[in-house]
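Both of the next two complexes hold chain A, though its partner changes from chain B to chain C.
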Partner chain A sequence: MALSAAIQGGRAGAARFRPDRIGLVISLVALGGLCLPFATVKPNRILAGVAKTILEALPQTGSILLLAVLFVAITIACLRSPAWLRLGASVLVLLALAGAIGVSGIVLTPSGNPYARVAPAAGFWLLAFAMALLTADALTRLRPGPFGRVAALAATAVVFGFILKSGLWDNLSILKEYAVRADSFWAAAAAHVELALGSLVAAVAFGLPIGILCHRVPKIRDAVLNALNIVQTVPSIALFGLLIAPLGWIAVHVPGAKAIGIQGIGMAPAFVALFLYSLLPVVANTVAGLAAVSPSANDAARGMGMTERERLFQVELPLALPVIITGIRIVLVQNIGLATIAALIGGGGFGVFVFQGIGQTAIDLVLLGTVPTVALAFAAAVILDAVVELLSTPSVRDSAP
Partner chain B sequence: MIDIDTITKRYDDTEVVSDVSLSVPAGSIAVIVGTSGSGKTTLLRMINRLVEPTSGRIRIDGQDTHSLSPHVLRRKIGYAIQGHGLFPHRTVAQNIATVPKLLGWEPARIKQRVADLLTLFQLDPAAYGPRYPSALSGGQQQRVGVARALAAEPAVLLMDEPFGALDPVIRAKAQDDLRAIQRRFGTTIIMVTHDMEEAIHLGDRIAVMDGGRLLQYASPTEILTAPATGFVESLLGAADRPFRLLSLTTLADVVEPGTADGAPLSADATARDGLSALLWTGRDAAPVQSADGAPLGRVTRARLMAAARLPGQAPV
Partner chain C sequence: MTRVWSFLPRMALLAFLIAFLWHPAWFAGLLRPLTENGAPPIYDQGSLALLTLDHLAIVAVATLAASLIAIALAVLVTRPSGREFLPLARSLVNIGQTVPPVAVLALAVPMTGFGEKPTLIALFLYGLLPIFENTLTGLSTVPANVMEAARGVGMTGRQRLWQVELPLAAPIILAGIRLSVVISMATATIGSTVAASTLGAVIIAGLTSNNLAFIVQGGVIVGVIAILIFDALRGLETLLARRAGG
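Take a look at the complex of A and B:
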């Protein structure tokens, strides 16, 4: 007893001097980031740029300050420090990085040259990536509940909004791309959300009843799921192509179809394609969720005298809901990504900037399309994960004070 | 009054319930016993039409169960499913309120009923009502399952091994509570159990099933003293029969005039407990007193042993 306690004590003592393995890896990534250029200055949006280190990109006090917080954070990351300390340190560095890149934009932009571009370079991205990892790791260790995670997301969004509004980043290349196309950016954002969310709503409206039907009539289940599986395997660009002919025909031959925007290219085929891709996850998860409802709960529902309808709405669907919402989460994240492709057939969305940027070899423009897409998908995943967790653990929720 | 009339259930080629007829008088308890797979659950579920019989009829108070649509029929019949079957997404209180809600009771009445039932089953309504079933022990879940079956004050109650997960102390208490509820409301109960003690203790009549057939349907005493087949005899546990028989008699039935030394026994204790007390204290006789302490006479070991003997068997 005493001996084992002593050994345990010894272990605990040794642990204090053992480095934190994840922190060590993150620190190596951050140190790698320090060796790479922090920002690049390009004469215009297409030409190759000149790389600048942190010392060159920032005023002296600025670079010393940034390096100081960075080294404090790395030290904290390498030691076995409490999670809240790691979180605080990494968030502090992220804020410092956000400020620093804004300042280098101001410092490095030659005055009176409207074509020059300052962009974050590999070093900045690597540092930001390392600190984001540290934040994510610390958050995971803190195990925030669903509300905590959504609150963290909201706080992040507010900070970003504040920085963007303040004009701190206005000299950075992405925001310069944004500045010249602010109107089309928000139109693209609206189209993107409309495509991703609209096709999801349509897929849920059709997929949920189809899933319920498949559950109740096992004979049609395999046929329906196989058909949807096949749709899922058609490459998106091919599916757009396949839809052009029938939708074009409908536009010409069905009165009124053209008036509501149905045509061979544009939003309609993109919407239909996303809808078709969304059906499988929604239907499959509805079927899986309903199938997982415990037979005894179903049996009790029947035994209590519930009608089929009451059993569906009061027992089966509530119990299957977490699985169904998981399907919806998959669809939404998938759709937000896939909606980018819609630009290829004139469907709009953030993909417009991506493909324009590729065409013009203007990487900043590609980023203007990519960054909001990734942010949207990330936010959707966090929010829907929280919803799933809230729905699936009534007992945990109940026992909370 | 439940009338089961030549009922048969066949799945493909196998008959799991064969030509069973029995009737349960209103306000009495019938207990179905039998080995696993003998068709007890199937027989029970044909009463509320969770299983549709292949042939035969069932009448409740003279009314054919097929004259009502299934959900209307089931709302009138309490059903405690084998292994509780509580809804995991609903609290204990919501679970118990299921049928009253389906029947459209007033919220205040439902709330009162839920609280009454939880109290009846020794679960504090304030503490247990808002909990989810996953936060209850197996025994508590079973009690909530029975409370849910009783919620709408059904005239008929079907119970499939309702007390299987309870420890002996709680089980005995739950049995007594069920007896009390049944007496108070005149509920007609059909209950499936594997526990012979429970069958003899609770049943007004016991139905013994084997391989889908009803072997015997009779009062506990008759089943014990005149088992219809060797199977019935073995199911009852031949070695325990005298003690089971004694457990059906109270000391009030065997008390005789006279006095005896030592601690008095209560008249409403079972003869089995009386014999046990005599054997344990090494006495030949003990005084018997009524519940309020009035002396009634005495009980002797010889009298108790005679009561444990197969009727008609002459003493040696």
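Take a look at the complex of A and C:
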């Protein structure tokens, strides 16, 4: 694939110079990023900052090094170069950017002012976005298999973990927000994961049997799917709010309910709301997966003398599994995002920082909540996509677009 | 027969919605059991009808902009001159869908300030994805022999796009717009956490003053409108699909 592209590129290059158009667009974005400020220095976390260019934000050798790496990567991007070279170049620039923003944090932080904040500015984000685009484009061309994608994800996580551990970014504003709230950050992370994963497990435990029942009894199928569709149209903050009263009533009137953590506000209504939102994708995909099992497979199973139960567990469910896991992927990514809203009713999670940050107009605090949320959702999507691909039988994989 | 049965409840739902927005006080008795300590059963910090109109306006503007841009982008990357951008565009859409709408909303605030603008940006960006994806699907599932026939009768690329591809893809594109509208209706309520004038203001007022009646009326109005729009657009899709012979 990469080789044939390179050969084609070579042939075209011999006839007439043709730049890589995707690379050209990405380079324009990167050049735009160079024109914008690289970092801002704020006297405290809320006041507006002073913009600094790359030349002002980095020591001379540092800025020359960064610009040189960037120039090489842009050149590689604009030429019809092989995908692995583009991948290597873009990853190198991303690492250089990560180092540079850390160094600029150290350089720009005025000594003796503990309230001063150094934050990445538009130029940094645009450069990082351009290089992430180049990475994504190179990965798309290389078409890594499921294991390759998960390995790339793991490598990214290790690099980020290493940078965070090393203290390189400790002078940046997001990590200063983190330093003040390290304990509550991890409590929020635990609550967020508990909400998103716990409601998913509950939704699968209830949704799978409901889906199987809907498949077996077509009469109830439309009613169940319509009811679940209606639940989806209720806005999340309203659903969270609506559950406060009934759960509060249960906590007061059902003996033992309070002991297992059921109460009006807090995690319980958020958990139930996420569970209700999760049911539709699980049930709908279970029904769709079972409906797509070929009649010949079922006939063969019946011909072999399998009982209904054997046919369900040994034929239908295994064949429907990729579609069911696709539903689970949708639910998990959606839940990780929706769990942010739980903070509005005291359910905890990363939303606490998002809404506190909005309230205090402190963008660094908003970022402390949104960056881990987006990272979690992205990681969940990559991992579950890989699982779906691994589980898909060859026939399913061939018919996929 | 089944058509009448599915049509009547929707008309009743629409009538209920209009009556509620026209004269909310008629329904005060219905909502009073949900309040405590003599709290007002009907939202009293503004007009429900005006909030509903603001809510619908934000969703309409964002969806219209998202539809125009998403369809244009999908057409661009499926033309011969833009085809090399297609794989990258697909992966970008997949990555974009993992970003939660609240994150987009919160991150737009520092750029635009509080109010309607961050909500519009969040709804626009989040609405792009389903429409773009469905337009791509719709354009790429136009049967090859139909395209061949269009070429055979001497249609130019532009004529093929406007007279063959887009009409055939219209039902699937509309399905994407429908999905986008339903998501936007619900997401717009979160916009009220950044001071946008939407029905979310009613729900949030209920959350902060512990008034269940406010939460119910805000949630029900949004849900009912979403269901009605969902049904209307699905009806339009069936109509278009029938006209396209699908």
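Following the convention adopted for this analysis, the second predicted complex is superposed on the first by the 376 of 401 C-alpha atoms of A that agree within 3 Å, B and C clash if a C-alpha of one lies under 4 Å from a C-alpha of the other, contacts with A are read in each partner's own complex, and residues count from 1 in each chain.
One rule holds in what follows: a residue touches a chain if its C-beta (ideal position, glycine included) is under 8 Å from a C-beta of that chain, and two chains touch if they have at least 3 such contacts.
Small disclaimer: the values here were computed from a predicted structure and weren't measured.
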Comparing the two partners chain B and chain C, which touches a greater set of residues in chain A: C
First (chain B), second (chain C), both or neither touched by A:R18: neither
Touched partner set for A:R302, first chain B, second chain C, both or neither: first
First (chain B), second (chain C), both or neither touched by A:I363: second
First, second, both or neither for A:R216, with chain B first and chain C second: neither
Partner chain in contact with A:A238 - chain B first, chain C second, else both or neither: second
Touched partner set for A:L319, first chain B, second chain C, both or neither: first
First, second, both or neither for A:I341, with chain B first and chain C second: second
Chain C residues within the chain A interface of the complex: 34, 84-85, 87-88, 90-92, 94-95, 97-103, 106-107, 109-110, 140, 182, 185-187, 189-190, 193-194, 199-200, 203-204, 206-207, 212, 215-216, 218-219, 222-223, 226-227, 230
Complex interface listing, chain A residues touching chain B: 294, 296-297, 299-307, 310, 315, 318-319, 394-395, 398-399
Touching residues (chain side chain A, partner chain C) in the complex: 21-22, 25, 133, 136-137, 139-141, 229-230, 232-239, 241-242, 244-245, 333, 336-338, 340-341, 344-345, 351, 354-355, 357-358, 361, 363, 366-367, 369-370, 373-374, 377-378, 380-381, 401
Chain B to chain A touching residues, read off their complex: 48, 50, 70-76, 79, 81, 83-89, 91, 98-99, 102, 130-132, 134-135, 148
